[in-house]
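In the two assemblies presented below, chain A is common to both, partnered first by chain B and then by chain C.
And now, the complex of A and B:
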């Protein structure tokens, strides 16, 4: 697999292909590098994180190529932060649960949000691993190219615990030298 | 490269085991009833619960703490053990095999039970430890460890297409040479979390569900687990086992439309079925039966029917949703319905779409009576998940060289 582009987002900094391009919150990152998608503010933290990583990776990729891309993401905590927040809304006897919160109690909604924004119709998968395992991520990513031959693959780790502890380590890869212009 | 299915295991509202499931399907009796086991205030919603209590299943399996308090795990072990034994897999076969399980709920039932007390001063220390079982990956690992000593264990979590994606991923593991044998499927217990969640989305029906009916009003949830054993042709020959069917095609696509709703023209569903047929080198006319996702919500069924019409026009093959039998078993539905499809193929019948009365349009008429057909060669099984995550699997009658 060839890496086209690589992004790392942590609470400290955002690195694009090894270069620090931003320091600050995910919302700050959105204002700086996206800013035109108000739905961002409806998303939960995991989706915002994955969404911004995808924005940075896909910004120079033309729409027809994006359409046939695949998305395969991994993490350890699933959507636990939103599960907890949702559980709080239903733990009283007189509860009023929030549909807007409930839709984010699924880890793979982040792959859906990225697909909706970028009109990606290819394979989309979400794996929950016991812990970060680079070899397993590599194996699973490589297997995507066996069957569906996507134009590109958006893959990597996207895990959100709280505002001081999150990591997106995502890559855009191809299986061979592909012209992405 | 061919991928074969050599074993099945299942537990759902239709009973425990593949044989009991077959008998329930043939008798046309739904497993949907009033809620008995789940502790909930929402008894107004019927559901397809597994008849056995946690104590019953734990006793049957001979497992103790902590498995006896984790319903997803109990259901999973029951189905996984049956799959392994029906494929005659020995311990030596499992050491290089993979276990791939789909779930979204995982150990959420423990979390619901202990969430409040885990933060109380007196009970905090002990009860907070119970929350660790919430993790989906942990839940799969416990199912695997109680079934055999697998070489690899992993979890797919893509909502209602989780188990179908576990099967797709398992097939890819075999094709990429990582392993020869994969036990793949999913497990999901009914919890307050998703009963309340689906109620919040206002897509549950207080009546029994009626997939593809003009007046359908939503989902009845269900629960259960099912696994199938996938094997390479080489492994089938080496072990000298008789395959149940071939997994001849599969595809996963994204609808890229909305977090929970599906697009009007069923783009994701259409692409998934198309791509699966391309892989299987089948044309639309080769498909004898479609086991639809057919949840019974106005949105899903209209969208899925639109996708079928785009492929088959007015010549849609025999199709039905079996969710009026089992309830919507969410993350386990892809594998539960796979076992149902395999039974239909082996025994030559099409499971009826219970509860159906009035067509959505003139083309959209599912099979309602127990339709006896001699030969079902190719079946499409659809599973669509929130996030626009759409998967289609194609099972074909075996042709071993």
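And now, the complex of A and C:
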């Protein structure tokens, strides 16, 4: 596979293709590099993280190429932080559940948020692994190009534990040298 | 009624995570769905929960909800006539 672009987002910094482009929170990153999508504020933390990684990776990719992209993401914690938040809201006997919180109690929602924003119609999947496993991620990502023919693939790790412990390590890849202009 | 309208706007901002918005940014008569604030179906469910939690109003007829949630003004009108708390 050919890597087109690579982003790493941690609580300390955001690296795009090896260069530090931002230091600060995910919301700060949104205000600096997106800022035109109010739905961002409705998302849970995992989705905000994956959404911003995708924003940085896809910003220079023309819409017709983006449409046929595929999305395959991985993490360890699933949507656990939102699951816990939701559980808190329903632990009282006289509870009022929050539909807006409930919809994020699935980790794969992040792939949907990215697809909606970027009008991506290719396949998408989300894997929850025991731990970060670069070889397994590489194998599964490569298999996408065998089973379908996406124009490009958005793939990698997106895991959110709390505001001091999260990581997006995502790449935009093609199966060969492809002109993406 | 103006006090209720401002309270509803504050509750909408909080319940729907309308970050960066203040009550002066929300037009009382503007459509809440589609254009206007651009709310979606999940937001509609949040509004139904909000009315029950804050005002003791249980909405059971979906068709009725469409008219009630047309704008902040229509919500305020319905709440003032049907609230139980």
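For the reader, a short list of remarks on this structure follows.
Everything below uses one rule, namely that the second predicted complex is superposed on the first by the 181 of 181 C-alpha atoms of A that agree within 3 Å, B and C clash if a C-alpha of one lies under 4 Å from a C-alpha of the other, contacts with A are read in each partner's own complex, and residues count from 1 in each chain.
Criterion: a contact is a pair of C-beta atoms (placed from the backbone, for glycine too) under 8 Å apart; a residue touches a chain by one contact, two chains touch by 3 or more.
Keep in mind the model is a prediction, meaning the values are calculated, not measured.
Considering which of chain B and chain C touches more of chain A, the answer is B. In the superposition on chain A, contact of A:103 is made with both chain B and chain C. In the superposition on chain A, A:38 makes contact with chain C only, not with chain B. When both complexes are overlaid on chain A, the residue A:148 reaches chain B alone and has no touch with chain C. Once the two complexes are overlaid on the shared chain, A:128 sits against chain B while remaining clear of chain C.
Within the superposed three-chain model, A:140 lies in touch with chain B and out of touch with chain C [touch as defined at top]. Put simply, chain A uses residues 97-99, 103 to touch chain B in one complex and chain C in the other.
Taken in their complex, chain C has these residues touching chain A: 15-20, 38, 42-43, 45-46, 49, 52-53. Residues 104, 106, 108, 111-112, 115-116, 134-138, 141, 154-159, 165, 168-169, 171-173, 175-176, 178, 192-193, 196-197, 199-202, 250-260, 267-268, 271, 275, 279, 385-389 of chain B are the ones that touch chain A when the two sit in their complex. Interface of chain A with chain C (complex): residues 38, 41-42, 96-100, 103.
Those residues of chain A whose C-beta lies close enough to touch chain B in the complex are 71, 76, 78, 80, 83, 86-87, 90-91, 97-99, 102-109, 111-113, 115-116, 118-130, 136, 139-140, 142-144, 146-148.
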